[in-house]
Amino acid sequence: MTIKLGIIGAGRIGRVHADTLRTRVPGAEALAIADIYEASARSAAADFGIPDYSVDPAEIIHSGDIEAVVICSSTDTHCHFISEAARAGKNIFCEKPIAFDLAEIDAALAAVVEAGVQLQIGFNRRFDSNHARIKSAIDGGEIGQPHTLTIISRDPAPPPIDYIKVSGGLMMDMMIHDFDMCRFLLGEVEEIFALADVMVDPAIGEAGDIDTAKVMLRFENGAIGTIENSRQAVYGYDQRVEVFGSGGAVSSGNWHPNAVTVSDAASVRRDLPLNFFMERYMDSYAAEMMAFVEAIRAGETVPVVGNDGRAPVLMAMAGMRSIAEKRPVRLDEVEA
Amino acid sequence: MTIKLGIIGAGRIGRVHADTLRTRVPGAEALAIADIYEASARSAAADFGIPDYSVDPAEIIHSGDIEAVVICSSTDTHCHFISEAARAGKNIFCEKPIAFDLAEIDAALAAVVEAGVQLQIGFNRRFDSNHARIKSAIDGGEIGQPHTLTIISRDPAPPPIDYIKVSGGLMMDMMIHDFDMCRFLLGEVEEIFALADVMVDPAIGEAGDIDTAKVMLRFENGAIGTIENSRQAVYGYDQRVEVFGSGGAVSSGNWHPNAVTVSDAASVRRDLPLNFFMERYMDSYAAEMMAFVEAIRAGETVPVVGNDGRAPVLMAMAGMRSIAEKRPVRLDEVEA
Amino acid sequence: MTIKLGIIGAGRIGRVHADTLRTRVPGAEALAIADIYEASARSAAADFGIPDYSVDPAEIIHSGDIEAVVICSSTDTHCHFISEAARAGKNIFCEKPIAFDLAEIDAALAAVVEAGVQLQIGFNRRFDSNHARIKSAIDGGEIGQPHTLTIISRDPAPPPIDYIKVSGGLMMDMMIHDFDMCRFLLGEVEEIFALADVMVDPAIGEAGDIDTAKVMLRFENGAIGTIENSRQAVYGYDQRVEVFGSGGAVSSGNWHPNAVTVSDAASVRRDLPLNFFMERYMDSYAAEMMAFVEAIRAGETVPVVGNDGRAPVLMAMAGMRSIAEKRPVRLDEVEA
Amino acid sequence: MTIKLGIIGAGRIGRVHADTLRTRVPGAEALAIADIYEASARSAAADFGIPDYSVDPAEIIHSGDIEAVVICSSTDTHCHFISEAARAGKNIFCEKPIAFDLAEIDAALAAVVEAGVQLQIGFNRRFDSNHARIKSAIDGGEIGQPHTLTIISRDPAPPPIDYIKVSGGLMMDMMIHDFDMCRFLLGEVEEIFALADVMVDPAIGEAGDIDTAKVMLRFENGAIGTIENSRQAVYGYDQRVEVFGSGGAVSSGNWHPNAVTVSDAASVRRDLPLNFFMERYMDSYAAEMMAFVEAIRAGETVPVVGNDGRAPVLMAMAGMRSIAEKRPVRLDEVEA
């Protein structure tokens, strides 16, 4: 049985999923791709052997042949398409973040529940071999009871200011992955304290955002965590996680383009780490889509569900409030 | 312009190329695959979206639509298919080793020259990111004038004895990759001394082969090298190269499935390296095929030519004679 | 010119300094050692070739031959001996922390200033090759403007509960080193937020202390830092620092007893890190004492002065208040 | 019981042992040091607190108070002093190599046996934490039955040409340590093949020596090894050993002055390894002397005996003959 999918959004991440579906996901076939820019839809269709394209996402959502939709459009459209697709009885894969507004998210999640369809959120990092290994170390008891978590997550360079303005801010756009990682590894968080500033580029501050932040979290299970984000690490994409527990510690390093060391009269050195997520996390995009397709085919629950999309948004809100109010903020304050 | 290819041989490596051609090589299309076992040909065609299959390689070689053939059949058939394909005017990609016999190789290479077609030999490791980086360090002067070379190349487990019997022996089957690496990195070798023995499995000795060897090489440029091969490293595939020179050293480590370290009361440890060539070198198979297709499309010389297939066979012969005669053997002795 | 010293306190750290003075510090000579336990004083004198011993520290402080005193007695005696030694005109090396009380510290520092003698505080980690290299990377501009600091500092096992009770608590006894490291690397801190708990041993909680903590700090220069402490890392002493800035990052790893890797069918592993400070930081004890002696001999200012002993105590107080009041605490609140 | 020692030779290594005996070897006391240069003897005595000095080694050898002599004079005097000290009933520690001549060595060893004294050879690397850990991995069965050995040993810079001329050549002076390491780790060698050349400095060739060499060895137990030596690694002292066996591999890396990594826009790098043996192997000098003193005090056999000094000389001779005759040379050919 092959699952027939339609893709909404032919931007960078839409193209990643289109490519992955064609080359790396067994049992799946993309039948159509839609984008408000016809040229984008057409070229994606051509590049990835997708039979049909459109400028109207509704054509995909309401196509009789399509069983599942992959939502890769801009964040402000996610909830609308989720609800519409749910009502059309489609299973749904949606990119992160779901939305910036809890009420909007809750409505979309309710539509999913009501329709009895499945929704997977695109937190691809859970499927990365490093993060998955850390998770398995915890679950397998290799480090005992977890006590602390340390995430360092730095981008190689900030996005364009125009993107920053619509991104929801560093915590919604960038740290949201790390908030998800916290939940993936150690469960629910109850309180957040954040310090943040503009250190990389004043233009980011002028756009109302921050570019550097540290966040401290207390988990419901008592563990304590910290997350660090920077929009600019000149040496490349820096993605590390460490969990420390009663029986030991598990930590991940960065991936480099090669495992080669050069020693000369000046230093012993390696080439820089893989530069950004398209290099670093490509396998995880394939893995999350495989997991989605397999779950749908097997009639099982998808691995990253609707609330996994909602909870990190709540955490980002708590983090932003902590910065604004200079105090630790409980998630139930934001929820209320 | 898309290059149309036919694949001869639907065994493990034939399937690798079929998969790669479909998913990772732009500008290429496999039209047919042949194998003497019809079931193999048929299932490969189905698995990798190849329109046609056959039990007769000649159908591929003489197909009017096919511009290039990929020879993945058993070693004893390579030269025959190379000559036939050359005479049919096809460009050729052939797996290593070309053959175990110099006269046979020379006849095939002559057919290629006469027909004015191109022949690329499947020394995929040249396209691996580690080996390519070592090469660029040398060529870019990062380590000055090379003085020594050290290759350690260990398989995770020996192949079946039936395979060993037809493999041409460790030096033709396994060390041939390392002989090619020597030439790729430091140029021609003039003399070889080998010590070898059966340490892993007596059955390998009974089959007339060795399973553990160290080889010392003197290069024409004066550099000195060593290669170590073992058929069995219990911790997995071990593939390391170091070149030392007047200005420094460049060396490669192994790739692991993740970059995660676990520290507990017993040790600080990583998971085992990638287990074997299908995991370790998969990207290099795609890269060599891309390079082949690009060269053919651009009308340029392919990157690993006929003599690159012949020279390592000569080196293997010298190595085997060194073991037999317990002395260093010059390549020109074997050539003569 | 050889500096003549007297040592007050023949416990573990007193013996370290006695040994170091004898074997590794040129231009220094310990003339006497005092301890309230005569047996301790006598055996230390014998073990380290010190001519004289006493049960009365005053004999050392008022000895006409002794030019400098090394205070290694219990924390509650530090300020008294500092003041007395200052009034006796001796230069002073005193172990950390100076005291748990700011008024007491201020009185002792005033005595030092009034007497015109020098006081060096025993923050040995500044003299460790890792920490010194991180400092030089920052000062040398290797990482540009510092943005963030991450310190992970974990002990292999908690001290005895009896010690915990008089230790001043984790922040005064253990994290004080990390507070000093913050100031050493990035300058003054203005605000601290701490989360802490008892995760290792309930008896520590019953003794009124915590065993696991994360602290977030805002520096006066705008940088943001975190410190993590645990009283028990089962894999040994874990001592790492990372500073990230506009031009890069500098980070330190742990030291292991050997640089050997064992690969077998289960893992690729190293032996555990050096177990505790007596192994890990021994060279730094020698280096700080050399620096003290050299500064005294040269008539120059010692490298870790009185306020370097006071400021981390203030930070520990802010950290403890943050835990108690569940909010970020400014250092000037504590100072007031 | 304290062992009273005399040191013959106040050059670089004599001073190392004098310092070590004073500061790090319990139960030992150097009573006198002799050197043909009075100034050297006098300053060493002053620097290391040795009560007596002399220009006449015989005074040390025949002193009634001295129970053991440490021979650190030039190689050509070793055998003479060994024999004389043995006849005087002294236990002996002698630096490597014993001598360049087998007959001379045999006479000295016979004198030792006849006198019933003990002789320890200064192969300090056996006492290094890396090499000792590799040995323990082998002995403890961590890697199963050893199959191969790879030693890479490179100096940071060649010694002065005047030293080269009297050094006995690279194999006697430098590779002798690696020959000893072979025997320490895997036992006796039966055959050696060497390739060597002058690649670093033509003046070394004019002095009749080589500066770069690779050696292949067959051990009596069937294992195969290689050693690589270069007189000049621009990145510093490079000292690595790997033993591979049926159950895994054990390998050592270099020691660096710190465990710090700097990442910037160009690379991820560490500072160069420790530069030379005085930094890299200092602890091993202390450990070998402690072992000598402890064995003497306990009446036990010293850990590196006379034949351990002789055998590597035989190996160096075989290596040199292999270079001259361009063939593998059996040790029993040289012995004969």
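Labels A, B, C and D are assigned to the chains in the order they are written; within every chain, residues are numbered from 1.
To be clear about the criterion, a contact is a pair of C-beta atoms (placed from the backbone, for glycine too) under 8 Å apart; a residue touches a chain by one contact, two chains touch by 3 or more.
Model, not experiment: these values are computed from the prediction.
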| Hey, which chain ends up farthest from chain B, C-alpha centres compared? | C
| Shared interface numbers for chain B and chain C above half of all numbers used, same, or below, different? | same
| query | So what's the Cα centroid distance for chain A and chain C, whole Å? | reply | 42
| note | Per the C-alpha means, the centres of chain A and chain D lie apart by a whole-Å value of 58
| message | What's the distance between the Cα centroids of chain A and chain B, rounded to whole Å? | response | 39
| remark: Shared-interface residues of chain A (touching two or more other chains) are 233-235, 238, 247-249, 263-265, 271
| note | chain D residues touching chain B in their complex are 144-145, 147-148, 150, 152, 154, 193, 195-197, 199-200, 212-214, 216, 218, 222, 224-226, 228, 230, 232-235, 238, 242, 244, 246-249, 326-328
| said: Show me the residue ranges of chain A that touch chain B in the complex, using the header's touch definition. | reply: 22-24, 129-130, 132-134, 137, 142-143, 247-255, 257-265, 271
| query | What residues of chain C sit close enough to touch chain B in their complex? | reply | 233-235, 238, 256, 263-273
